[in-house]
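Each chain gets a letter, A, B, C and D, in the order it is written, and its residues are counted from 1.
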Amino acid sequence: MNRLAVELPGLSLKNPIMPASGCFGFGREYARFYDLSVLGAIMIKATTLEPRFGNPTPRVAETPSGMLNAIGLQNPGLEKVMKEELPWLAQFDVPIIANIAGSTMEEYVEVAKHISQAPNVCALELNISCPNVKKGGIAFGTVPEIAAELTKLVKEVSEVPVYVKLSPNVTNIVEMAKAIEAAGADGLTMINTLLGMRIDVKTAKPILANQTGGLSGPAIKPIAIRMIYEVSQAVSLPIIGMGGIQSAEDVIEFFYAGASAVAIGTANFIDPFVCPNIIAELPTLLDKLGIGHISECTGRSWKKGERSVYCGA
Amino acid sequence: MNRLAVELPGLSLKNPIMPASGCFGFGREYARFYDLSVLGAIMIKATTLEPRFGNPTPRVAETPSGMLNAIGLQNPGLEKVMKEELPWLAQFDVPIIANIAGSTMEEYVEVAKHISQAPNVCALELNISCPNVKKGGIAFGTVPEIAAELTKLVKEVSEVPVYVKLSPNVTNIVEMAKAIEAAGADGLTMINTLLGMRIDVKTAKPILANQTGGLSGPAIKPIAIRMIYEVSQAVSLPIIGMGGIQSAEDVIEFFYAGASAVAIGTANFIDPFVCPNIIAELPTLLDKLGIGHISECTGRSWKKGERSVYCGA
Amino acid sequence: MKRENMVIVRHKQLAKNIYEITLSGHLVEEMNEPGQFVHVKVSSQANPLLRRPLSLCHINKKACECTIIYRKEGIGTTLLAEKRPGETVDVLGPLGNGFPLDAAAKGKRALLVGGGIGIPPLYELAKRLVEKGVAVTNVLGFQTKETVFYEQEFAAFGETYVATADGSYGAKGFVTDVINEREISFDVLYACGPKPMLKALEQAFPHKNVYLSLEERMGCGIGACFACVCRVPGSETAYKKVCSDGPVFKAGEVVL
Amino acid sequence: MKRENMVIVRHKQLAKNIYEITLSGHLVEEMNEPGQFVHVKVSSQANPLLRRPLSLCHINKKACECTIIYRKEGIGTTLLAEKRPGETVDVLGPLGNGFPLDAAAKGKRALLVGGGIGIPPLYELAKRLVEKGVAVTNVLGFQTKETVFYEQEFAAFGETYVATADGSYGAKGFVTDVINEREISFDVLYACGPKPMLKALEQAFPHKNVYLSLEERMGCGIGACFACVCRVPGSETAYKKVCSDGPVFKAGEVVL
C-alpha cells in the first residue's frame, strides 16, 4: 500500500505534494534538479489566452517570513503552452493541473476549453484572483455570484475536473466556497496570496513597481490554516491546501485543518529540492504520529473523537 | 520645535508613538520599566461594561514572524477601569485612548458615555472586531452599515473624539473606512489582527483553546501597510497605524503609507522598552532621511512629486 | 526585572534533548527566589518572535552566573541548543514569584516533587532549604531512562527517588506512586511539573501545605497581556496570572 | 547547479561596509564563468526568507574555494557579516551566464568598468583575461574614499583608474568621465554596476563590443518565477530573465 497515494477528482496522485502555480514555471528549471516524476502533480504557471509580459520590475519584495510578488501573470499564452510546454511535460509520469486566468469570463472559457484537451492536463485550477475588466476591476474571487458564474461557464466547456482557487482577500471565505460548490466545482485550492505592500524607507516609494503585490510564504500559513479549517467543515469538496508550507510537519498541519493534498509555492525558491524532500520525509513522520495513511489526517482537527497518538520523544 | 509632536483630533501628542490596545494592559507592568510620560499616548486594554474573564487557555500561539492571540477581551469592566485604572494612569503626563468593546450596540454606547468622561481619556477607540451577538455573531467591523451605525451612536454620547479601529478581515477596507467617515468618526486606527489558526502536529488539535485567534506581529505588516496606503488616499480622516511595528524604520514606513501616528502592540512583549527606544531613535532617523518633522512623512508614498532624500551611506 | 544580553559561559548536554546552559551578567544580582523564571529571546530575528519562559535552576551570585536546564522541543529551544559559549542571549527577568522558603521552618521536612523539565527550579530550592536547615526529600519523575538528569545533584541535598513512566530506570510509575509506596512524610510539599502531576498531588494532600509551580503559554511574561491567566476557585471573573502572580501558587489558590 | 552548505574559511572587512568572504565546498567544482553568481541563504529560519544573489569574485579551483565581496546593506547581508569562519552558509549555484571570455581574443585590449559593489565579478574576469593574453584596463567607480576596495588587486592585472563620486579619492566623477578624459581605447568592454552607469556606457559606445551585467530583485534565481525579467527591444511580450539568461547581456540585447 502506498501510504501517500490520494485520489481526487481527475487526479490519481502517488503522493499529495505538488508545486503551486507560478512558483515552478512549467517545470523546466526544476527538472535540472530532480526527476519531476516523483511529484504528486504539477500546477503550472497561470495561462492566459494571449502571451503576457506582466508588470514592470521590481516584481518581488521580501517581508518578515514572507514575500510579495507582482509578476502580473507573465506567460507565453495558450498556444505556446499547448504546443511547447505541455508536450515537454508529457515526458514525466506526473499529472498536470493547468492554472488558468483571464480578464473576462470569455477568456477563461476559451483557455479552459482548449487546455483541458491536452492529454496530460488532468484538472484545471481557476485563478479567480484576477481583476475582472468588465466589472470595473473587481476581482472575480471576491464576489460569490461572479465566482459562481465563472465556475459554471468553465465547467460547461472543460474536459477535466475544475478546481477553483480561492482568494483569501475576502470577508467571508465560507460563503465564497459554498457558492462555488453550488456552481458545480469539483474541488477547491486555497489560498492564493494576500494583498500586501512594502515601502522603501530610503526612497519613500513602494518597492514593487506595481505598488501592491501578493503576500506568500510562512507568514500567511496561520491564515491559510484557519480558512481551510472553516471551509472544509462547510463544503464537501476536496481541498488542495497551500500557503507557507515549508516542511513535512506543515503538510500534516494542512491535512489536519482539512486539506486532502497540498501545494508548495514560495518554498521552492528557498530550496529547489523542497518537494522531493518533503515527499521523502512524510512516511517517517506518519510513523512518528502513528498514522497509517496520510488521508486519515484530513480534517482531524475538527473530526470528533479522533486524536492522533504521538509516539515521539 | 519638537520634530515628533503631532496633533490629531483630541490628541496633542509629544510624539506619535503609543502602545496598542491589549498589549500594554493598563500600563502598570510597563511603568516598572520606564516612565510612561515619555509615550505619545496609551491605548488601554479593551473595556466592556461588565468584567470579563475571556477565553480558556492556551490563549497564545506562535507563528512565523507572528503570534496568534485569543484573549477574549478579558478586562475588569467599566466600573473598575473608571475607579482604579484611569485614576492610576492620571499620575503620568500622557493622554489615554480608551479602547471599548461590546456584544451589543447598547453596550458600546454605555461604555463610551461613561469612559469618555474620565479626565485623562482624550479619545475613544472603537474595537469593532467583536462579534455582534444580536446579528448572529457577525463582527461589527465586517459590515459597513453596522459599523457606521455603531459609530453614529457612539459619537452621539461621547465627550471626546472617536476613532474607529478597522478589522483587516474584510474584502474591501476602503468601503468600510468611507462608511465610518460618513458616520462622523474623527479618526481611524488600523489594523486589528487577522483571523488565523495553528494546529499542533502532535495532538492534531488547534493550539488555541478558542481554536482561532488574531494574528499580529511583523508577519502582518505588509497587509497593514497596503490597507493604510489604500484608505489614506480614500478618506480624509487621520490614521493611527499599527501591525507589526518593531523599529523606527517601520514607523516611517507606516507614515509613508499614510499614517499620522502609530501604535505598537506585539513588539512590547519582545522588548518592553520598544516604545521609548523607538521614540529615542526617530530624530536620528529623520536626520538620515533629510526630513525635518515627522508629519512630513505622512502619505509620502502616494503624494506626487515628493521624494525623500536619503543621505545615508 | 531587567533586560540584558547575557553571555553564555558554559553549555552542555545532560541527557537526551536536555541541556544545561550557564549565563553570566548583572541580571544575576536581581535573582533571589528559587522558582522564578527568565524570559529568553533566542534569536535577534522576528522568527521565533516571542521569548521563551525558562526557570532558574541555579543562582550563583558570587560568580554572577545563573544556570538553566531546558529540553530541546521546538524551534526556540532548538536554536538555543545551537548557541556556543561566548555568544549572548537576550534575557528579561527575573520574573514571577518563586517558592516561599518561609513555608518550611528550620528542622522541618520538605518534599520536593519534580516531573521532567519541571525539575530544574527545585534544585535552587533544595539548595536554599538545606542551607536554612530544612530536611529535604526529592522525588523526580521522568519519561524514560535516557532523559534522567541531576539525580546526583539532588542526592547531595537529601534522599532522592527517581521514577520513570516506562520503568527503564528507578521505580516504574509516577511520582505519586513513589510517595505512596515509600510512605514519605513531610511538612511542606513543593512541586513543579506537568499539570496532571500537579493535580494528583493537590488531590492527594488536601490538608497539607502544598506549593505548585504552573506552566502556561505566555505572551509578555510580565502581566500585561492576559495570556497566562488561570481561574480562582468559586468565581466567574477572578483570575491570577501565571507569569506575575505565579508561577508558584499555594494549592487551592487557583483552579488547575 | 547544486545546493551545498559551504564552509566559511575566511571572512574579513575590506572597507566601510564592504566584506570579503571565502567559502569552501564541492560547489566550486561547478564554477566556471566569471560573472556567474550564487544564491545564498543566510539564515536557517524563515526570516530573512529569500536567498541573496551574490557574484563570484574569485574562483580558486585548486583550493576548492571561492570568494565573494559584498556590501552590508539590509537584513540579509547584515546577518551574513556576523558569521564566523567554521560556520556554514547555504549556497545554491553557480547560476546564470557570465562574461564571455571568447569575445576578447589574445592580444586584444579589454576595458573592465565596475561601479561599487558591481566590481567584484570583474576580478575573476580580469584574471582570466590576463591568463589568456588579453590586455586589461580597469576603471573602478566608488561613492567615496571609505568604500574603495581591491584597487591593488586590479592593478596587478593592468592599468587601473579609480574614480569617486565625491572626489575624495582618485578622479572626481563617474567612470565615464575617466574613460573620456583618459581617452581609453579598447576592443571589448565588460561592465557591472548600477543601471545608470550601464546605460551611460551603452550609449557612449554604440558601435563597440560591450557586455553588461545586470541586477534585478530575484525570487528563485533559476528562471522559474519570472521575477527578474527585462524587455527585449522592439517587442511587447519578448523578455529575458536576468537570473538564467543573464546576468550578463550584450549591449542592446535587452532594454536597460
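Just so it is clear, a contact is a pair of C-beta atoms (placed from the backbone, for glycine too) under 8 Å apart; a residue touches a chain by one contact, two chains touch by 3 or more.
Predicted model only: the values in this text are computed from it and were never measured.
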Partner chains shared by chain B and chain C (touch criterion as defined above): A, D
Graph separation of chain B and chain D (steps between touching chains): 1
Centre-of-Cα separation between chain D and chain A, whole angstrom: 36
Chain A and chain B: spacing of chain centres that average the CA atoms, whole Å: 33
CA centroid of chain A to CA centroid of chain C, Å: 45
Where chain C and chain D are represented by their mean Cα positions, the distance between them in whole Å: 54
Junction residues of chain B - those touching two or more other chains: 63-66, 217-219
For chain C, residues contacting two or more additional chains: 46-48
Graph class of chain-chain contacts, one of line, ring, star, complete, other: complete
Residue numbers on chain D that touch chain A, as the complex places them: 1, 3, 41, 46-51, 92, 216-231, 236-237, 239, 244
Complex contact set, residues of chain A against chain B: 63-66, 68, 142, 169-172, 194-199, 201-206, 211-212, 215, 217-223, 225-226, 229, 244, 249, 252-253, 256-257, 289, 297, 300-301, 306-308, 310, 312
Residue numbers on chain D that touch chain B, as the complex places them: 16-17, 46-47, 143, 147
Chain B residues within the chain C interface of the complex: 22-25, 28-30, 32-33, 45, 51-54, 57-67, 69, 71, 74, 77, 207, 217-219, 246, 266, 268-273
Chain A - residues contacting chain C, complex: 64-65, 218, 313
